[in-house]
Structure formats: C-alpha cells, structure tokens
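What follows is a single structure, and I will ask about it in a moment.
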Amino acid sequence: MKVAVFRKEHFNAAHRLYNPAWTDEKNDAVFGKCNNPNYHGHNYELIVQLKGEVNPETGYVYDMKVLSDLIKEQVLSKFDHKNLNLDTEEFKSLIPSAENIAVVIWKILREKIDRNYDLIVRLYETERNFVEYDGN
Amino acid sequence: MKVAVFRKEHFNAAHRLYNPAWTDEKNDAVFGKCNNPNYHGHNYELIVQLKGEVNPETGYVYDMKVLSDLIKEQVLSKFDHKNLNLDTEEFKSLIPSAENIAVVIWKILREKIDRNYDLIVRLYETERNFVEYDGN
Amino acid sequence: MKVAVFRKEHFNAAHRLYNPAWTDEKNDAVFGKCNNPNYHGHNYELIVQLKGEVNPETGYVYDMKVLSDLIKEQVLSKFDHKNLNLDTEEFKSLIPSAENIAVVIWKILREKIDRNYDLIVRLYETERNFVEYDGN
Amino acid sequence: MKVAVFRKEHFNAAHRLYNPAWTDEKNDAVFGKCNNPNYHGHNYELIVQLKGEVNPETGYVYDMKVLSDLIKEQVLSKFDHKNLNLDTEEFKSLIPSAENIAVVIWKILREKIDRNYDLIVRLYETERNFVEYDGN
Amino acid sequence: MKVAVFRKEHFNAAHRLYNPAWTDEKNDAVFGKCNNPNYHGHNYELIVQLKGEVNPETGYVYDMKVLSDLIKEQVLSKFDHKNLNLDTEEFKSLIPSAENIAVVIWKILREKIDRNYDLIVRLYETERNFVEYDGN
Amino acid sequence: MKVAVFRKEHFNAAHRLYNPAWTDEKNDAVFGKCNNPNYHGHNYELIVQLKGEVNPETGYVYDMKVLSDLIKEQVLSKFDHKNLNLDTEEFKSLIPSAENIAVVIWKILREKIDRNYDLIVRLYETERNFVEYDGN
C-alpha cells in the first residue's frame, strides 16, 4: 500500500537567463526581459513528492518534519535569498531556468532519500509558470 | 531527461448544459440549475502541461511566452468573453460541460504542438469542480 | 469591544455590460468584449463583513451559519446560475457591473441585518478585478 | 476517451498521533507536538478524482452533484467536526495520520463508486503537508 | 508617512464551543456540531497588521523577522498544536470562538508592541469564516 | 454612492536591502540574508484600490482596462524583470523595502489619477509579508 506525500517549501532568489555561447542579440531574442543583465527574481514555491509504503507503526510514509529539514538543509540553504547565477555552484555553467532548477533539486534530494521512495519535484516560478521533474 | 512544463491561463464565458434530444423536463432533472435557458457563466482556469526534453541551449522544454501566445491565439480568442453555446463552432452540437471543453481545447492544441511533447489539459470550472484530459 | 466577522460565499452567473441609451458602437467602444450580446460569465466570490459587539454568552458577533443562510436565501437564490440581465429584477434597468452588483447585494442585506452591525460587501468578479461597498 | 474529474470538499476535525504500543516517551520522540494528549486539529481539504468515459448524452464523466453528495454522506458525515481518535470507528485502532485518513477515505468511496472509474484521493492536512492515494 | 505592514502566520488547534452556564440542549441548539464534546479543530491563519512610520535608515516600519519571532513566542507557542479549551489559560473560562481568539491575540501582542503602532489582528478559522479586531 | 475598485497586477524583480551609510557588518546585522550583495528577488503582487463615485452611465467607478494599462505603463514597465537597486531611478538612493516600493508606486499613480479618487496601494513581497500605503 503506497501513498504519495507532499511537502511544500519556498525560497526567494535572483536569476538571469543567459547563454554565454551566444551573442547578446541572440540572448535578447531568445530570453527577452528574462535576460536582463542585472537580474530579476522570483518567489519559488517547491513541492517535493515522495511515494512509498505507509509504516504501520507511525502511519507515516516519511516524517514531514524530517523531509522539511532535509529540504532546508540541502536546497534552501543553497538557493534562498541567493543569486542563482553568481552565488551557486550548480548554476555556474547551467542556465537557471525553472526546468534546470527542478532537475538540480531532484538530483540533490535523490542522493539523500532512500531509493524505495519515488521522488517528484514540482517548482512554481510564478503562479502561472511551473515545472515538474520525476527523474525519467 | 524529460521535464513537464505548465502554463496557466484563464477565460470567462457563459454556457448552458442542455441536450436538445431530451425534453425540458429531462434536461431539468439531469442538469438542474446548469440548464438555465438564459445561461450562467464561469471564470475558467486553464492549465496546459507539456512534457518533453530540456533544450540544453536554452534550459527550456518549451518557451512559456510562445505557449502563452499559442493558448491566447488558439483558445482564448475563441472562448474568452463568449457564450460557448451560441458563439462557438465547437459547441454548436456538443454540450459545453467542463469535460467536453477540456477535450476540445486538448484537440485544438494537439494540432499545433509537436508530437514529441506529451500534452495534458486541466480545466477548473470552479475552485471545487475541475477536469483533466491527457488524450487517452 | 467590536469585532468584524466575514463570511465568504460564491455564485456563478452570466452577464453583459450594455447601456440601452447608447448606440451599439458606443457600447462596444466603452465595454469592449464585456458587451458581447450573447453574454459571458463569472464565478463571483462574495465576502460579507459585519462589525458589531461580541455576545459574551456565545463568543459570537453574528452566527456564521445564520449569516450564510441569509446570504443564500437573499442573494444566491436570486443570482446563482442566473443571467443577471435577463433573469433578475434588480438588473432589468441597471448595468450589472461588479460595482452595481455589490451595491445591490449591500442594499438587499442591509434590509435584513440589524443596524447595530456595520455592513461591508466585497465582490470578486475575477481574481484580478474586485470591488467593495460600505454604504457610504 | 477518458477524462478525469475532480471534486473538492473540506472537513474540520481534531486528532492526535499516538501509538498505544509505545511508551509516552517514544510517542513524544516520534510524533512531537502532534502527540499532544488533548488533541489538536485541522481544516482538511479533500479532492476526489474519478477517471472514466465521457457520457455523450450528458457530457459528464460523473455528475459532480452526485459525487459531492456521496462524499458528504459517506465521508463528511463521519469526520466533519469530529475527533478522529475518539468519535470514529475507523481510527479506533489506526493512527489518524494524513496517509491513513486518505487510505480510509479511498476505501470508503471505492465501495460506492463503480469499478469502471479509477479513483484517487488527495488530502491536504495543511497547505504545506498533503498526501495522495490511488489504491496501488 | 505611515505604512501598514502585515505578517501572516498559522497554527493548528482543537477547540469546542460550549457555554458551561447552559444546558447541553441549549449548547447543541446554539453551537450545533461546533459543540462536539470531543472537540474538532482548525488550521488557523493569523495576519498581524502594524501601521507606523517608515524608518528612513532601514525602509522598514517594523522588522518582519522580529514580528514573526514575536508572534511565534507570544502566540504560536501557546496555541499551536494545542486544545484551546484544555491546554490554555486564556480559554479556561472564555469560549474559544474566532472572535474571542482574535481579541485574545490582539491583547497579547498589544502588550509587546509599542503604542506608536496601530495594531489589527485578522484570524481565518476557515477560508470562508474569518474575523478582524482593531482594539475599538 | 462611493465604491472601492481593486485591480491586481504582478511583477518580478531582484533587489537588495542595503544602507550605504552603514558598515557591511551593520547591514548584515540589520538586513540579514536580504542584504546578499548579489541580490535576491520576488514575485511582487500589486493591488491598486480606487474609491470613487459610480458613473451611472457605465456602472463603473473606473474602467479596469484603463487602470490595468495605467499600472502597466507607469509601474510594471519600470520595475518588471528589473533589478530595483541598479535598473531604476526611484531606488538609486532609496532602500527598496516593500514599504518604500509601495510608497513609490502610490506616488507614481497619484500623479496620474484624478484626486476625486482615493488611492490605496497594497504590495505582497511574499504571501506572508505585505504592506499597504494610503497616502496618510
């Protein structure tokens, strides 16, 4: 009997969409105002989903307090109130699009969460633009 | 490495649930107040989901600006501030239930979006009633 | 010791913004797509606010069940799943703009609620457009 | 052509996470403040999802009014404004974690809904903690 | 130049509406299912509003981190994951209605916040029922 | 008969809280992670409220399309997808706290909106931190 559990966290960050292999003109054409050289930013809402067996002794699939702490230690400590392009190792040479941020977070958490749990990461960049990565 | 991306748009429309093959009594019995002859209406919230490969040059699965424009041109221009029963070709002979609206929107977008992308349409008729269609 | 209490309800309705004293051209120019002759519609969210003394025997300013029933009987029964222009007495000769709907609801409720309570009506036509009327 | 339909309902309940096979110390260590002997409570948001064929005569997968009434009769009547540990048969010997509540609701509804419909239950304990059960 | 600043926090609690001066019959008649002897519960959303001068050196009216910590220390530590009737001094002889909870929180915070700031407390018991107290 | 009308818009921006008259140590002590030299960012939600007479010919207090366009031209064009500290005149020597941003937006709009309308600006920096300025 497998149940999916979800924990929602948030972080605020600055970023810029920019491909250094391209000219400024091409960056402007592709990324528009998201390419502002001085950055812009977002309130990112992050939902981490784990699917696994319910432990009959606790009624838990995964302790939400433990999951929240794990997200804070592994993800929020790196990205919250940061400039994703300048302040993080992960996006030094990777464009910090919502898609890439979700994949990076998924990989960080996948290392820390037992493989018995299926892992899905959903990331809201705005209320109207969001992404989801399940490792496939 | 496939990521799902989501774009949320909205439109406002009037509609009426009514089956012309039935008597008024049967329409009333089945559709209740949704069968009001003078129509009622909703703020429809539409979420379009595409799943595909992340383009390493952009970090994008699909340019959200392009997707937003596509939804506006193909869907909102037809349905926003319209009477679905009277003002649209799609619902001249099809009951504009949330289910049917979602399927119609899915078919409209499926024609315009490369088959490499999986497409799912979610439609909120109200905060409490919503539907989703994935083409299967 | 006065506390304000709020009750949220909703209704779905069709409407059209149209001034019969004007030409169709002027109606189009002023009301745009809101002037669609076949109507469009909304999920209206209604928040009724009463401010009054807390009854020490109940801890209530006003019984929320009673207020909810009053809104249903006096407001939702008239407007829910209706065409505001065609199906209601109130908007036979009054443009059913959000402003006018809020004023009409305020007047309906003001008749039924003791004057010891201050009354404010807030009405969301969409998440982005809303109005509030306090009787002044 | 299968479409998923969703109905959202809510209930308010008190509960306590406590395993009677454990010492109080172990209960405190595992469940923390959720183990408060005098209970705490939540506004539970429940989303019931059914996937099935669209009926061409109605445009419906399932009448949302019928689904809402079914949830009220089978679920809300048991759990709304109740103490899950003390007032329900279901949680007399089962820890009322969000996971277990979702499974219990799924089993209750599965008995009442034709097997032609896939059934998924999502339960929000808070905006930040939620679970989903699909029967697998 | 005065600006109002708002901080939103939440807590989960069990409660029961019951007047010990009344018979059980009268309690049932007045409070209905909110009078369940074994309690029910809510996710309370609390919004604390302070209005004051903007400090030109910081751009702040009040440091939101300080306000958040104050609310946690003075309010959440008392009420979060508690039974308001059984576990708190404040509601030993006061009915824990939303109105009374808001007034109690206002009085607790008023003692700790400089009188140069106007203070308003808003409390959501559910999304549909909420209250506000401004001290007048 | 005066009604308040509200229009909600949003913009995304990077910013940093930093007082150049202070040492870095004092900036860190006062602003914490909001002082990150490389900036962070937010999705700002902006609600503009106008209170005025209802025009009997239109049912409008103020045309919401005109108000939306005004906000886009006067506010969003300056701040959306910008670094508030680096890319704007307004915050060259003013700390871009939520309080100051709200006051700046109020002053910009006050110049463009007839004095017959009362003007209030509410700005959400996050869902949990927000501010409001009414000119007094």
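Per-chain residue numbering starts at 1, and chain names A, B, C, D, E and F are given in the order in which the chains are listed.
The rule is simple: a residue touches a chain if its C-beta (ideal position, glycine included) is under 8 Å from a C-beta of that chain, and two chains touch if they have at least 3 such contacts.
All figures in this text were calculated on a predicted structure; none of them were measured in a lab.
Trainee: What are the mutual neighbours of chain A and chain C in this structure?
Mentor: Chains touching both chain A and chain C: B, F.
Trainee: For chain B and chain E, what's the span in angstrom between their mean Cα positions?
Mentor: So the centroids are 41 Å from each other.
Trainee: What whole-Å value do you get for the distance between chain A and chain E if each is reduced to the mean of its CA atoms?
Mentor: That gives a centre separation of 34 Å.
Trainee: Any idea how many Å lie between the Cα centroids of chain C and chain E?
Mentor: So the centroids are 29 Å from each other.
Trainee: Among all residues of chain A, which ones touch two or more of the remaining chains?
Mentor: Correct list: 127.
Trainee: What are all the chain pairs that meet the touch criterion?
Mentor: Listed in label order, the chain pairs in contact are A-B, A-D, A-F, B-C, B-D, C-E, C-F, D-E, E-F.
Trainee: Give the list of chain A residues in touch with chain F in this complex.
Mentor: 10, 12-15, 33-34, 36, 38-43, 80-83, 86-87, 126-127
Trainee: Which chain B residues qualify as touching chain D in the complex?
Mentor: By the definition above, chain B touches chain D via 17, 19, 21-22, 30-32, 94-100, 102-103, 127-133, 136.
Trainee: Once bound in the complex, which stretches of chain D touch chain B?
Mentor: Residues of chain D touching chain B: 1-9, 54, 57-61, 63-65.
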